[in-house]
Each structure stands twice: as C-alpha cells, then as structure tokens.
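In the two complexes below, subunit A is the common chain; its partner is subunit B in one and subunit C in the other.
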Partner chain A sequence: MDEEYDAIVLGTGLKECILSGMLSVSGKKVLHIDRNKYYGGESASITPLEELFEKYSTPVDPAYGRGRDWNVDLIPKFLMANGQLVKLLIHTGVTRYLEFKSCEGSYVYKGGKISKVPADEREALGSDLMGLFEKRRFKNFLVFVQEYDPADPKTWKDFDSRTQTTQQLYEKFGLDANTQDFTGHAIALYRDDEYLAKPAGDAMKRIKLYSESLARYGKSPYLYPMYGLGELPQGFARLSAIYGGTYMLDKQVDEIVMDAEGKVCGIRSGGEIAKCKQVYCDPTYVPERVRKTGQVIRCICLMDHPVPNTKDALSTQIIIPQKQVGRRSDIYVSVVSYTHQVAAKGWFVAMVSTTVETATPEEEIRPGLALLGPIRQKFVTVSDYYEALDPGQSTQLFISTSYDATTHFETTCLDVLDIFKRGTGEDFDFSKVKHNLGDEE
Partner chain B sequence: MASAKIPAQKVILCGDYGVGKSSIFRRFANDTFVASNDRKSTLGLDFYNKAFCSESGTDGHTHACQCPPISKLMVQLWDTGGMERVATVTSSYYKFSEAAILVYSVDNPDSFNSLANHLLEVASFAENAKIFLCGNKIDIITSDLVSNDDVDNFCEQCGIVSGIFKTSCKTGEGVNDMFDEIARVISTSSRSRHELLQLEQSFKLTTADIDSAEQQPDNCVC
Partner chain C sequence: MANRAAPGSATNQQQQQQQPAATRSNNGAPQNKVCQFKLVLLGESAVGKSSLVLRFVKGQFHEYQESTIGAAFLTQTVMLDDITVKFEIWDTAGQERYHSLAPMYYRGAQAAIVVYDITNQETFARAKTWVKELQRQASPNIVIALAGNKSDLAAKRMVDHDEAYAYADENGLLFMETSAKTAMNVTDIFLAIAKKLPKGEQTSAQGTAQGRRITDADQAPRSTPNCCK
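Take a look at the complex of A and B:
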C-alpha cells in the first residue's frame, strides 16, 4: 500500500472499473480499492440468494431452489447492441470474457396494456399501437430518420435537425400524441418530455441507435450478460489488472489526503497512506463533495412465471411513458430469468424502477408492478442520486454520478468518457489496447 | 482463422501468489521461462488458445497438435491477471471454466494449505469444472515439505481430483505431459445438460464490424 501511484480508484462499480481499465491501459500506475469484500459495489449481482434476503433483512425462504443459482442485479440495465458500452467492450477486448443473450422483447404501455415497440417499417405495419393512417405516417417518419444524414443537406427535405425541434419534426409528419409518446420514450428512450422543445438531432440519433441495435441481433435492441450485470465491472477489473493495476478489497478508506494547494496527494486507510496524483471515485466515498439531485426507486421482484402478455418471453423490457400514468418521468420494467443464469430453474427476476416524484415512491411504481402478475417476493430500495460539486480539475479528485433510472448504459458511458477526459486531458485512445502474451519486454 | 470454430475449453490456473501460475501459462503459451520475481512476470497475460488432438484408435493419447483437424480440442488457458496478489480473483474468472488447475509450490507448504480455499472458490463459481492438482518448482530441492501423503489426503478429502501433477517451469519438466492429460480428460467429459441448455444462444460480441481488436493467435499448425 505504501507505494506511489498515478491514480487511485475507489469503488469497483462499473464506472470505476471502466475508468481503472482505461487508465491502466494508458500506462498509468493504478491502485484500485473497494471497501467491500466483493467486486462491483452497487453494480454487483448479489449471490447467493440468501445474501439478498439478508441485505433486506427478510427471513430466507427455501422455496427458491439453490441460492447459488441466483445472481440478482441491484441496478437493472440492458446494453444497447450498438451502443457505447458495447463499443467500449469490443475495443478494449473485455467482450472476450463475457457471453451475452439478446433480450427477447421490447414493450411499451398504452391505455392499460402493453404492446411490442415497433422499431422498423415492417413492425410498424403490424403494430396494434396505431390506426391504419397513422401507421403510414409513422413509416414515413422512420424512413426519413433512417435516411437523414446531418452531413448531407440533400437528405434533409427542408428540415434542419440543428435548429428545428423534435416537436416540429413530429408535426412535419403529422404524428399523433400517442405515437409521439412511444417514439420519444420507448424508442428514443427519453425519460421525460423536455426533449420535445430541443433540436431534433439528438432524438434522431437515438432513434437510429435503437433500430441499428435491433438490426444487430434481431428480437430487441437489448443485450444482457450471462450471470448478470456484475460480470461487467469484473471484466474491466481484469483488464486493469492485466495492464498492471493493483486490486485491494475489504479495505476501509478513512481519508482522501489533500496537499497545501488543495490537490489530492493520497488516501489514508487506518495508519497507512498510499500516495497518488489523482483519485477517481463514486459518490459514496466522498459524501461531503457531492450533492443530492434526486432519488430513484427500484423494486426487485422474484417470480415463478414470465410477465403476462409477453409471449412467455424469458427477458423483456417494458416502458411506461410518463403521460400514460400521469407522471413526469417514465417507469421502467426489466425482466431477466434462469436462462441468463441469474435465477434458479423456472424463476424470473423483474425490476420496476423510476425517478422518485412524490413522498410515497412505492405508490409511484404500482402501474409497473401491476403488469407482472403474482409476485413472490419484493425488495424495495429508494436510493439518493448524487452529483459531484465540482468537475475535479482543480483538486484532481474526479467523482462519478450515481446510476440513474435509465434502463441502458448510454448515460453511464458518457459519464465515464467525460471523467476520463477531464482526468487525463484527452480522449481514450483505443489503439493502446493490445492483447498479447506479455513477452516482448 | 480456420480453426476458430472449435469451441475453446476454458482452463483456469488457481493458487497463491508466487507459486508459478504465470510461469505455467508462459510455458504453455510459448515455452519460455522468466526468472524475475516482480509484477512483470504476470503482466499482460490474459488467456491463450492451443489445439490438442486425440489420436483415435490409440488409448486416447493427446498431444499438442500436428495432425488433421479431426477430434481437435482447443484448450484455452487463463491466468489470474495477478489479482490474487492483494485481493481475491473476480468470480467471473471461474465462470464457464471446464477445468481448474490448483497450483502450489513444493517448497511452500502454506501455498499447499491454502488450496482448500481456492477449491472452495472453484466449487462455488464453476461447480462442474474438473479439478487438477499441480505441485510446481520441483527443480528446487526440498525435503518433502509437502509430502505425497499430504497430497493424497487432500485429494481424498475433496474427492474430486481428476489428476495430480508435478512440474518445473524452470526446466519445463512435466508441463507438456500435464496439459496433454488435462486435454484428454476434458475431451472425454461432457458438461451437464442443464448448463449446456442455458448456454445455448448466448454469444460473444464480435469485432465483425468494428475492426481494431485483434484475434488471439492460434498456434496450431494443422
């Protein structure tokens, strides 16, 4: 411990592990510490199941088969098949440590029931979400978005996505309020309606991401790793270790030591001090340097059946657009099961989550729970959402934001890439990743 | 790459820091030995594929491959990344493995005594993995710091050891024989139906449309 490092990373959640990996790959000497005995922090998948019951102080019930067959995520998310995290996984080679399955269905809630999200022209025509004429308009809209090239004004058809808003784009194609709703929330994956008044370029990019992701593996644009999301931080931790990063678990961090100029110079654990030039950490390691900006409620549900009306899908995502249930932010439902090695044979794990808007958050997720059918066991967490007070360049202390309610990793990756850039002054250079036998000393 | 289609059988190295796991890896991968004992001896080692063939008609003997691609077995050996130096190895490391080699150093009884802990990790995260035992550094003269009786006792107690080996990475003694035998045992074992069913339709994300990441060199000359 009493060595000097270029960077010390605190917490082994996904963001910190990606950062640790990128820093080690870039040639930095990294010490990576977690106060827990296990890798992953909040991004860990809890195993065996007994630990989950213990965590929520609930008596263990033997009905669930072998505890070891369970790996339950605390924060539910899927990977977009063509998204940022997949690119990071592939470029860093971490993908070689993982196996994935495609999520079987992507659904959206409308008027009390759920329907498949239509993401291409063919699906649009078969969808029960729209009437005949609306289908034609929606199809034209999709074709326009697919063909739109920001670099080629010939594809613009008098629509400038830099200055005109998404609302204007919807109006151009005459899409009705309902179509706007599922497009913005279940395809572009916006959490609220603020995007409507912003330039349409971002929404168009998101819609393209969804359909390109869908084109990759078929049934839905989402991927999920075997054995749960906890495999992701571990993959990046291995990358970091292979490039020389040192790992310490079960280590308390008592102080982040600052020098006379207010810059980070080390961390203290008991009587030991490890020196460093930079610290990267999650908000839980620096409560006095972050502010609470909101709350997220997540409810883990154990079930012995698939979600009704999903054609018995073994994995699904359902989005309940805010307007459908009179809210300001969407409710997300994600379901995975034994087929991903996260539950014992025959069992399903559903997670219902949303951004908290009232003093009674459990009431808020009720529309999501109502879609699931009988639930054997519920575990509810309301967690605070934190952001750093300052961007870190002056202190060299870089703090990630808490995991938000979104059900994919796009915002996670943006945060990581941004922190890396703030910390090193440059974008991550993927060409530095080389997988070799380490023998060309 | 022609032989990339043969599914690789993951074999992991487990054991205390310093017993010679990375050295075994290095012997396996390119038959070299590095004497220096610092972090560099582990750095950069990830996993390595090597093809083995079973000669049908004989007693199932396997050897590093020089023959037609019939009944070829790809052994994919993984090193720990050195995580065990201060922390524990990630649970991911164990997942999907077909076999685990528990390595101790014959001049270090502590490294033998802690194999029970390593075995526990393997059993928790890769319950179907075959277990092999490897006493390394036999070139160092010791007066039975870890006796054959100790080894037998250990195997009897856990009851699931599929092979016991003695190796020296310094001289290379026993290393090839060990992997031939491991390949032979793996090729005759089959995984539980349940597990195979679960793995069905799962896939690795490919570099197909994103160039950069390189493929593992496949050193089989078939």
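Take a look at the complex of A and C:
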C-alpha cells in the first residue's frame, strides 16, 4: 500500500468500479479500496439471505429455502437494452463475464389497474389505455418521433425540438392528459413533470431509446443480469484489475490527505499512507464534502408468487405516474425472481421505490405495495441522496452522487462519464481497450 | 489413449477460432462433439497460476512473470477420443493478492485448479481454504484439481508429496505436482480434468444459468423479436 498511484478509488459501488476500469484502461495506476469485505457497496446484491435478515435485525425463517440461492439487490434497476451501460459493457468487454435475461413486462398504472406500456404502433393499436381516436393520434406521434432527425430539417414538419417544448409537441398531436402521462413517465421515463416545459429534443431521444431497446430483445426494453445487479461492479472491477488495478477490500480509510494547496495527495489507513494525484469516491467516504438533496425510499418485498395481472411474468417493471396517485414523483415497482438466480426456487423479489415527498414515506409507497398481492416479508430503507459540494477540479477529489430513484442506469452512466471527463480532461477513449490481447474471441 | 492438440502455435489458435459451436452435423452423423467449460485458477499470489496457464495455452514460461495486461481470459482445447473439450480459462488478474477476489470469478465454474507452491507451506494451507470456499460457494458438481507447483525446486521442498496426496484423496480432488517451468504434468492435469468433467447435456459454459451474453452483434436493433429464454 505504501506506494504512489495516479488515482485512488474509494468504494466499490457500480459508479466507482466503472471509473476504476476506465482509469486503468487509460493507463493510469489505480488503487481501489473498499471498507467492506465484499464488492458493491450500496450496489451489492446481498447473499446469503440470512445476511439480509440480519441487516434489518429480523429473524429469518426456514420457508425461504437455501440462503445461498438468494442475491437480493438493495437498489433496484434495470439496464436499457440499447442504453449507455450496455454500450459500456460491450465496448469494455465486460459483457463476457455476465449473462442477462430480458425483463418480461413493462407496465404502467392507470385508474387503479395496470396495463402494458404500448411502445410501438402495433402495441398502441391493441392497448386498453386509449380510446380509438386517441390511439390514432398516439400512433402519429410515435411515427413522427421515430422519423425525426435533428440533423435533417426535412423531417421536422415545422417542429423545432431545440426551441419548442414537449408540452407543445404533445399539443401538436392533440394527445390527452392520460397519454401524455404514460408517454412521459413510462416511455420517456421522467420521474416528474418538469420535462414538459423543457425543449422536446431530450424527450424525443428518450422515447427513441425506449423503442430501440425494445427492438433488441422483444418483450421489454429492459435487461437484468443473472445473480443480481451486484455482478456489474464485480465485472468492472475485474476489468480494472486486468489492466493493472490493485484491489484491497476490508480496508479502513481513515483520512484523505490534502497538501498545502488543498489538493489531495494520498489516503491514510491506520499507519499506512498511499500517495496519489487524484481520489475518486462515493459520498459515504467524504460526509463533510457532500450535501443532502433529498431522500429515496425503497421497500424490498419477498413473495412466493408473481405480481397479479402481469400474465405470471417472472420479471416486470411497473411505473405509477405521479399524477395517477396525486404525487410529484413517480412510484416504481420492479420484480425479479428465481429465474435470475436471485431467489430460491419459486420465490420473487419485488422492490417498490420512490423519491420521498412527505414525513411519512412508508405511506407514499402504499399504491405500489397494493399491486403486489400477499407479501411474505418487507424490508424498508429510507436513504439520503447526496451530491458533491464542488465539482472537484480544484481539489482533485471527485465525488459521485448517490443512486437516485430511477429504475435504469442512464443517469448512473451520465454521472460516471461526467466525472471521468472532469478528472482526466477528456472523454473516455474506447479504442484503448485491447480486446484481442491474449484472448481469442 | 487421449491426446491433445499441440498448444501454442499460431495455426492452432486459428483452428480454434474456426471450430464450430455446433455439436452435431445436420445429417445426424456423430461429429466430434465440442464441450466448453469454465475453468478458474485459485491460490495464493506467486504460486504460479498465471505461469501454468501460459505454459498450457502458449507453451511458454517466463522467469519474471509479470501480470499480463488484458490476458485474463484464455481458451485452449483438449482432444479426448471423440470429444473436444474447450476450456475457457479465467486467471485471477491479481485480485487474490489482498484477498479481494470477487465471487463472480468462480461463479458458474465447472472446473478449478487450486495451486500451491511446494516450497512454501503457507501456500498449501491457503490452498486448503480455497478448496473449502469452493465446496461452500461453487456449483456442487465442480471438478477440483490440486496442483503442487514448482516441482522443479525439489531441493527447497517444504510440502510433503504424500501429505498433499492424502489430503486430495480425502476431499475427492485430482492431484498432481506440476512445474510451469519444465512443463511437467501441466498438460496432464488439464487432461485429467477434461476426462473427469461430465459431458452429458452441458455443451457450453454460457448455458449454465440460462441467461444470454450480450454482444456487439446484438447492437443493431432487430425487427423480429429475439427472446432471452
């Protein structure tokens, strides 16, 4: 440990592991430390099940089968099949360490019941979310978004997505409030309604991402890794190690050492000091350098049956748009099961989560819990959401934000790519990954 | 008697790439069946894990073996009488150094070589803890081989051959003393594993959990649904 590194990364959550991998691939000498004796921090999947019960100080009962068959995520997310994280996985070669399953269903809540999210013209025509005329308007809207090319004004049909808002776009096609709601929240995946007043380009990009992701594997736009999300940080950690990164788990970090000019110059663990030019870390390693900007509530539910009205899907995502239940932010329900090797045979793990708006967060997720049917065991966590006080260039200390309530990894990747750029002054160069060095695939 | 394709030559590597994934030809005539297995190396730092892989896959040995960047995922095939066994070999990438090997490393492995250094008693003790860890965490049918490496350094021997043999026997492990330096028993230990692996239903390391790997080829959006069952 008493050596000098280009960068020291603290915490092995997904963001830190991707960063560590990208830094090592870029030729930096990296030391990666975690205070826990396992990989993943908050993005770990907890195993065996006994450990999860212990974490919540609840006695485990034997009904749940072998504890080792369980890998329970603390933060629920899916990968968009055509999204940023899949691109990172493919371009770094990390995909070869992982196996995925496509999520079976994507649902949206309306008027007390759930319906499949219609994401293409065919599904729109069969959907029970809209009346006949509305279906036609929605279909025209989808076709317009698909064909819209920001670089080709001929496809714009008098609509400029740089200056006109999403609200104006909806109005152009005469979409009613209901259609706007599921489009914005279950397809474009906005958490609240602020997007309506912003330029439409972003929403159009998100709608395209959803349908391109859907086109990849068919059933839904979402992918989920076998054995749980905790495999993702481990995969990127391996990438970092292959490119020379050094790993130390179960290592206390006592101090981030700063020099006279206020720049980081190392970290101290007990009597040892490792020198470095930069530190990358999650907010838990620097409580005095972050501010709390909100809270997220997540409820893990163990169940012995699929979610009602999902055609017995072994995995699903259900989005409850805020307006449907009189809120400002959406409620998310995600369900995975034994088929992903995250639960013992016959068992399901559902997670209900949202951004906290009141002093009684458990009340807030009630509409989500109500969709699940009988729940055998609930574990509730309310976590604070932290952001760095400063962007890090002056201190060379780069802090990631906490994981937000979104149900996919798009914001996670944006944060990582942004930190990498702040830290190195350049975009990540994928061509530095030597795919063919010593392997034949 | 089984024999193995000569390791290392460029032409051999070429051939491996072109090997068909299919196990039988269309007309039903039994072709040479290809079985793919994930094999992991475990053991204390510096016992010679990477050297064993390098010897087996490329026929090389380096006195000052440095961790080879980007080479933690190699393949090599072994020919049995009517079956080609393709090993997908995972090296630790140095993550064992501070006891920081990720569980995903040995997840789904069908075979493991647990390596110790015959000149270092401590590495033998550590090998035993790795065997325990595998018996606890890995798939129940995993084939485990114990390799007492650096057998060329017999003058400095600290681990008794018979003691290690007895331990392996008790625990149902294959056992050989090997030398990555002289190549002694290197091919043989992989071959012994290949023979012991079950070659029934299983044909590829990829199908163990019924998931799918995502690849660049999937990158282009498809019009026809391609489900992930």
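Keep in mind that, in the parts below, the second predicted complex is superposed on the first by the 435 of 441 C-alpha atoms of A that agree within 3 Å, B and C clash if a C-alpha of one lies under 4 Å from a C-alpha of the other, contacts with A are read in each partner's own complex, and residues count from 1 in each chain.
The working rule: a residue touches a chain if its C-beta (ideal position, glycine included) is under 8 Å from a C-beta of that chain, and two chains touch if they have at least 3 such contacts.
If you're wondering where the values come from, they're calculated on a predicted model, not measured in any experiment.
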Q: After lining both complexes up on subunit A, report clash or fit for subunit B versus subunit C.
A: clash
Q) Which partner does A:100 contact after superposing on A: first (subunit B), second (subunit C), both, neither? A) both
Q. Is A:269 contacted by the first partner subunit B, the second partner subunit C, both or neither?
A. neither
Q: Classify the contacts of A:246 with the two partner chains as first (subunit B alone), second (subunit C alone), both, or neither.
A: both
Q | First, second, both or neither for A:234, with subunit B first and subunit C second | A | both
Q: In the overlay, answer first, second, both or neither for which of subunit B and subunit C A:431 touches.
A: first
Q. Regarding the shared-chain residue A:218, is it in contact with subunit B (first), subunit C (second), both, or neither?
A. second
Q: Have a look at where A:345 lands relative to subunit B and subunit C in the superposition and call it first, second, both or neither.
A: first
Q. Taking the two structures together, which residues of subunit A meet both subunit B and subunit C?
A. 39, 68, 86, 89-90, 95-102, 223, 226-227, 231, 234-235, 237-238, 241-244, 246-249, 339, 341, 434, 437-439, 441
Q. Can you name the residues of subunit A that touch subunit C in the complex?
A. 39, 68, 81-82, 86, 89-90, 95-102, 212, 215-219, 223, 225-227, 231, 234-235, 237-238, 241-244, 246-251, 339-341, 434, 437-441
Q: Name, in rising order, each residue of subunit B that touches subunit A in their complex.
A: 26, 29-30, 32, 39-40, 43-48, 80-83, 85-88, 90-93, 95-96, 124, 127, 194, 198-199, 201-207, 210, 212-214, 216
Q: Over in the complex, which subunit C residues touch subunit A? Could you list them?
A: 13, 16-17, 67-75, 93-95, 97-100, 102-105, 107, 137, 206, 209-216, 218-219, 221-223, 225-228
Q.
List the residues on subunit A that touch subunit B in their complex, please.
A. 37-39, 47, 68, 86-87, 89-91, 93, 95-102, 223, 226-227, 230-231, 234-235, 237-238, 241-244, 246-249, 338-339, 341, 345, 430-431, 433-439, 441
